[in-house]
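To start, the structure under review is shown below, and the notes come after it.
Per-chain residue numbering starts at 1, and chain names A, B, C, D and E are given in the order in which the chains are listed.
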Amino acid sequence: MADLHFLANPARFRRFSQRVLPSLAFATVLMLAVGLYMALIQSPPDYQQGDTVRIMFVHVPSAWLAMAGYALLAGLGASLLIWRHPLAALMARASAPVGAGFCAVCLLTGALWGRPMWGAYWVWDARLTSMLLLFFLYLGHIALSRAYDEPERGDRAAAILALVGVINLPIIKFSVDWWNTLHQPASVARLGGPSIHPSILIPLLWMAATLFLLFVLLVLLRTDTEIDRRRLENAELQA
Amino acid sequence: MASFPLEVADLACRRGGRKVFERLSFTLGSGELLALVGRNGSGKTTLLRALALLVRPEAGSIHWQGKDVRAEPEAWRGRLAWLGHLEGLKGDLTVAENLLAAERLRGAPPAENRLDSALVAFDLPPLAARPVRTLSAGQRRRTALARVVLTQAPLWLLDEPLNALDAPAQSAFRTALKKHLAAGGLAIAATHADLGVPGRTLELA
Amino acid sequence: MASFPLEVADLACRRGGRKVFERLSFTLGSGELLALVGRNGSGKTTLLRALALLVRPEAGSIHWQGKDVRAEPEAWRGRLAWLGHLEGLKGDLTVAENLLAAERLRGAPPAENRLDSALVAFDLPPLAARPVRTLSAGQRRRTALARVVLTQAPLWLLDEPLNALDAPAQSAFRTALKKHLAAGGLAIAATHADLGVPGRTLELA
Amino acid sequence: MSGFAALVARDLRLVWRRPGDVAVVLAFFVVATTLFPLGIGPEANVLARIAAGVLWCAALFAALLSLDRLFAADFEDGTLDLLLLAPWPLELAALAKCCAHWIVTGLPLALLAPFLGVAFGLEPGVLLALAATLLVGTPALSLIGGLAAALTLGARKSGALLALLALPLCVPTLIFGSGAVEALATGGDFGAHLAVLAALALVALATTPWAIAAALRQAGE
Amino acid sequence: MSGFAALVARDLRLVWRRPGDVAVVLAFFVVATTLFPLGIGPEANVLARIAAGVLWCAALFAALLSLDRLFAADFEDGTLDLLLLAPWPLELAALAKCCAHWIVTGLPLALLAPFLGVAFGLEPGVLLALAATLLVGTPALSLIGGLAAALTLGARKSGALLALLALPLCVPTLIFGSGAVEALATGGDFGAHLAVLAALALVALATTPWAIAAALRQAGE
C-alpha cells in the first residue's frame, strides 16, 4: 500500500508504468518460454494421470492468482473509499476482469481435467464450488462497476461490494466445505497435497511466478488504458 | 466572530466531470432570502444539493455559525428544510399521513396542531385525507410546501418552489416565506419567476 | 358544416369518483390558441388527457373536422403532439436519440434536417449528444418541447409548457408556438403563467 | 409496422447502451441454477433427476426478474403516454415490448442452458432437448410475464390481484417444458410434450397482447 | 430511535395500502415450490429428500424478487433525499428499511413454509424445524438483499443485477438453513446448525447497515 500511496497520482503512475512495462513484458515472455519448456517437455508424465497432469501447471497458479486478485480488489476498494485515491478506482476497474479471467482459466482447465480424471466435467466438490462462487463475486463486481452512467458511481459501488465480498469469502469457503463434507461426495481422485515430487513442484512454482508476472503486466497495461479513457472522456466533457 | 449564520466560501462543484461552478462565495444573515437565478443548467439545483451535503463539493467550505457543517452532518441536516424538483411524497399515503411521516422521519414528535396550521396555510384541509396519488400537480406541490413549513427548520432550501402553483397558492407561499424570514429564518430558493418577496439575488452563470 | 376543426361539446369527467368538470363546450379554429387556466385541481390536466383519449370522459363528444374522434382513435392520435407533466424521455438515450425514437414511435420516417431545426429552436445542439439523465430540469423540458415541435401535428396539447424554463427558453417556446399557429396549427395549453402569445382563455372552476 | 420495428429497435438500443444488462440476466441464471445443488446437496443422481425442473425454474425467475421494469420504466417517465398516443394499435406496441424482451433474455437463456445442464450431468441428447424446449417456451414466459408487468402498473388493488392470477399462468409452460425434457430422459413422448408447449406459446401470443394493451390503457387513465 | 420506528411504521403502512404486493410474493413462493412436485413426479422419497433445499431456494428468490424496489421507490420519488437529510444516522434508516421488509416477507414466508412442506411429505417435527430455520435465516437475506438493492440504485435492470450481487453472499445462509433441516431429518445436529445460522444473521446485522448507508449516500449524489 505504501507504494500505492506514492503512485496514487495517475500522472506519476503513468510515468512509472511507462518505465517498467517494457522490461516487465520481456521478463514475462522469457519466463513463459522457459516455463512452458519445463512444464510441457521436461517434467515427467504422472504415473497415474499421464500427460493430463500438465494441465496442473496452469490450473493451480490460476487458482492462486484468482484468489489473490479478489484480495487486491478489496484493498483497492478500501483505498478508494477511505483515502479517495483516484488511481485505486482505475486500477480496480482494470484488475477485476484480469482476476475473473484467471478464475475462468482455473475453472476451465479444471473442467477439462475433470473429464478424463473423474469422468465428468463438473462435480459438486467443495473446492470447485467455492471457486465458482468466487467467479460470481467477480462477475458481480464487473457488472456493478459498469452499471452506471457516471463511472465514479460504479467505482464506489463496486468498492463497497469488494469489501463486503472479502469479509464474506472465508464464510462462503467455510460453509461450502462444510456442505460438501456433510453429504459424502462421490469420492474424488486427487494428488496428495504436499507430497508432490520436486520434478513437478519446481515447474509448478516457476509457472506460478510467471503467471504472477503476467497478472501484474495485464493489470498495469489495463490501468494505463483506463487512465487514457478517463482522460479522453473528461476532455470530451469539457469541450 | 462570524456575524452571519451561513457562510459559503469558494465552493466548486462538478457534475459528470464537468465543472458547474467554482469560487462561489456568499453569506446569509438571519431573516434573509437568497434567490438563485440563472439559465437552465447553470447549477442552481447543484448548489442547493451541495449545501445539503447531498452532492460532495470539489472544493470550498460551508460554515454555520462559524462551524464547518461537515464536522457534524447530522446536526446540520436537522437545520434544513428541503424542497426538491421531486416532491418526495408517497402516492399511497394521504396528504396528512405524508406530512406526519416526514416529521416523524426527522425524529420530531408529531404535533397535531402544527400539522393543522401547515395544512391551512396551503389550503389543504379538504385534501388531507386524499391519497397523494390522486392529487393534481399543484396540489402535490402544495403538500410538499406544507412539509417545509412543518419542519420548523432555520434554513429552507427550495428548488423552484412556485412550479405548478396557481395564484392563490403562490401568495400562500409568499406569506409562509415572509413569516419564516420574519421569525429570523433563512431561505435559499432557485427560481425562474419572481419570488415576490424582497431578498438578495445570486446569479449563476 | 363544421367551420371549426375542433369542437368539444358537453364534456364531463370524473376522477376517483369526484366530478371534475361537466358541460364543458368549446370550439377551436385553425391558428387558434386556447389557454386553460384555473386553480390547482380544477381539471386542466384532466381535460387535456380527455382530449387525448387517455382518460375516458363520462359524457360529451369531441369532433375533429366534423367527425367524432373516438370513431378513429388512431388517426386522431396521429394529429396530436403531447407534452405532459412528465417529459417522457429516456435517461439512457441522448437528446437526439430521444427525439428520433419518439418520431419513429409515431411511425414517421426520421428526418435529420427537421431534427436539427427543432434542436436549434431550443438551443439544444450543444446538449444533443448528452444522455438525458445528466440534464437539468429546464434542459429536459426543452428537449420535450423540441419533441413537440418535431411532431408536426396540427394540434398541440401542452401541460404547463413554461415549467422550469429560463427566460430565453420561454421566448424560444413563444416563437415556436407562434410559428405553429401561423401555419394554421391549433394549441391547447394548461398554464398558471402568462403564455405571452395572443389567444383565447378557458377558465376551469 | 414501422412503429413496431421502431419500438423493438428502441428497446434493443436501450439494452445495447448497457450491454451488461443482458450479461447480468444470464449471470443470474447461472447463479440461480448453482444455488439448487447448494441447497439440495451434491449427489449426482438426485441432481440429474431434478435438472430439467431446476433449469426451467431458474429460467422463469430470470424472466420475471428482468420483466418487472418492462413497462414500469415507461410508466414512470411518461413514455407510456407517448406509446398510448402513437397512431398505431397499442396491441402491436405490447407485442413489440415483449418481443424485445425475449430477444435479450429468452433467446440467450435457451442457448446458455445446455452448458449448465452439463454441471448436472445431463446427456448430450437431453441437453439439446432442453435448449429446444426453452426456445419454444420462453416466448410464452415473456408474454405472460409482460401481462403481469402491465397489470401491476395500474396502481389499483385489482391490478395487484390480477397479477396474482397471472403468476399461475406460467405453470403450464413450466410443467410441459420440464416435462418434455424428462420425457426424453425417461423414454416418454418428447414430441407430444413439445407440441403442447408450442401450442401454449401460440395461445399466449394470440391472447396476451390484447390483455396487455387493455392493462396499459387503464394504467394510463 | 423514534425516527427508526417511524420509518418502519411508514413502510408497513405503505405495504398495508397494497396488500396485493405481499400476496404476489407469497404466491410466487407457493408457485415456485409446487412446481417441483409437479415437474419431478410423485416419488415420495425424492421429494422429501429435496424439500428443504427447494423451499429454502424458493424463499431466497421470493425475498430477492420483492427487494429490488426496497430503495428504488424512495429514490425515484425523492423520499431518499429526505432520508439522507434526516438528522439521525443513515445506518439506522437502512436497518429500519430491511426490518420492515423482513416483517412483510421473511416472516410470512417462514409461517407459510411448513404448509408447503406437507406437500413434500415432511414429518411434523421437520416442518417445525423448517419454520425455525427460516425465521432465523431470513433476516440475513433481507439485510444482504438490502445491500444489493442499495448498491444497484440508479442502475438499470437493477432486478437481475441485484440478484447477481446478493446470491453468492446468501450462499452460507442457504447452506446452513437447508442443512439444518436435513440434519434433523437424517439425525444430525440440528441445534449446532441453527446456531451457525443465527451467527450468520448476526454478522449480517453487524456489517450490512454500514455498507447500505455508504451505498445510499453515493446514490444520492
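Basically, a residue touches a chain if its C-beta (ideal position, glycine included) is under 8 Å from a C-beta of that chain, and two chains touch if they have at least 3 such contacts.
As the structure is a prediction and not an experimental result, all values here were calculated from the model.
Novice: How short can a path of touching chains from chain C to chain E be, counted in steps?
Specialist: Each step joins two touching chains, and the minimum needed here is 2.
Novice: Chain by chain, through touching neighbours only, how many steps does the shortest route from chain B to chain E take?
Specialist: Minimum number of steps from chain B to chain E: 1.
Novice: Pick the pair with more C-beta contacts: A-E or A-D?
Specialist: Taking the two pairs in turn, the one with more contacts turns out to be A-E.
Novice: Looking at C-alpha means, what's the farthest chain from chain E?
Specialist: Comparing chain centres, C lies farthest from chain E.
Novice: So the centre of each chain is just the mean of its C-alpha atoms; given that, what is the distance between chain A and chain C in Å?
Specialist: Chain centres of chain A and chain C, defined by C-alpha means, are spaced 56 Å apart.
Novice: How big is the gap, in whole Å, between where the Cα atoms of chain D centre and where those of chain E centre?
Specialist: Going by mean C-alpha positions, chain D sits 23 Å from chain E.
Novice: Using Cα averages as centroids, what's the distance between chain B and chain D in whole Å?
Specialist: Centre-to-centre distance between chain B and chain D: 45 Å.
Novice: In whole angstrom, how far does the Cα centroid of chain C sit from the Cα centroid of chain D?
Specialist: Whole-Å distance between the two chain centres: 37.
Novice: Hunt down the residues of chain C that sit against at least two other chains at once, touch-wise.
Specialist: 85, 91-92, 134
Novice: What parts of chain E, by residue number, touch at least two of the other chains?
Specialist: 18, 76, 156-158, 161, 164, 167-168, 171, 175, 182, 221 - these are the residues of chain E that touch more than one other chain.
Novice: At least two other chains touched by the same residue of chain A: list those residues.
Specialist: In chain A, residues 133, 136, 139-140, 143, 147, 149, 176, 179, 182 touch at least two other chains, as defined above.
Novice: Along chain A, where are the residues that touch chain C in the complex?
Specialist: Of all residues in chain A, those touching chain C are 149.
Novice: Could you pull out which chain D residues touch chain C in their complex?
Specialist: Within the complex, chain D contacts chain C at residues 2-3, 6-7, 9-10, 13-14, 17-18, 73, 76-89, 220-221.
Novice: Once bound in the complex, which stretches of chain C touch chain A?
Specialist: That would be residues 91-92, 131, 133-134 of chain C.
Novice: Going by the contact rule set out above, which residues of chain C touch chain D in the complex?
Specialist: Those residues of chain C that touch chain D are 49, 52, 54-56, 74-75, 77-78, 80, 82, 84-93, 97, 101-102, 104-107, 109.
Novice: List the residues on chain D that touch chain E in their complex, please.
Specialist: 14, 18, 20-21, 24-25, 27-28, 31-32, 35-36, 38-41, 46, 49-50, 52-53, 56-57, 60-62, 64-66, 68-69, 73, 76, 152, 157, 159-161, 163-164, 167-168, 170-171, 174-175, 178-179, 182
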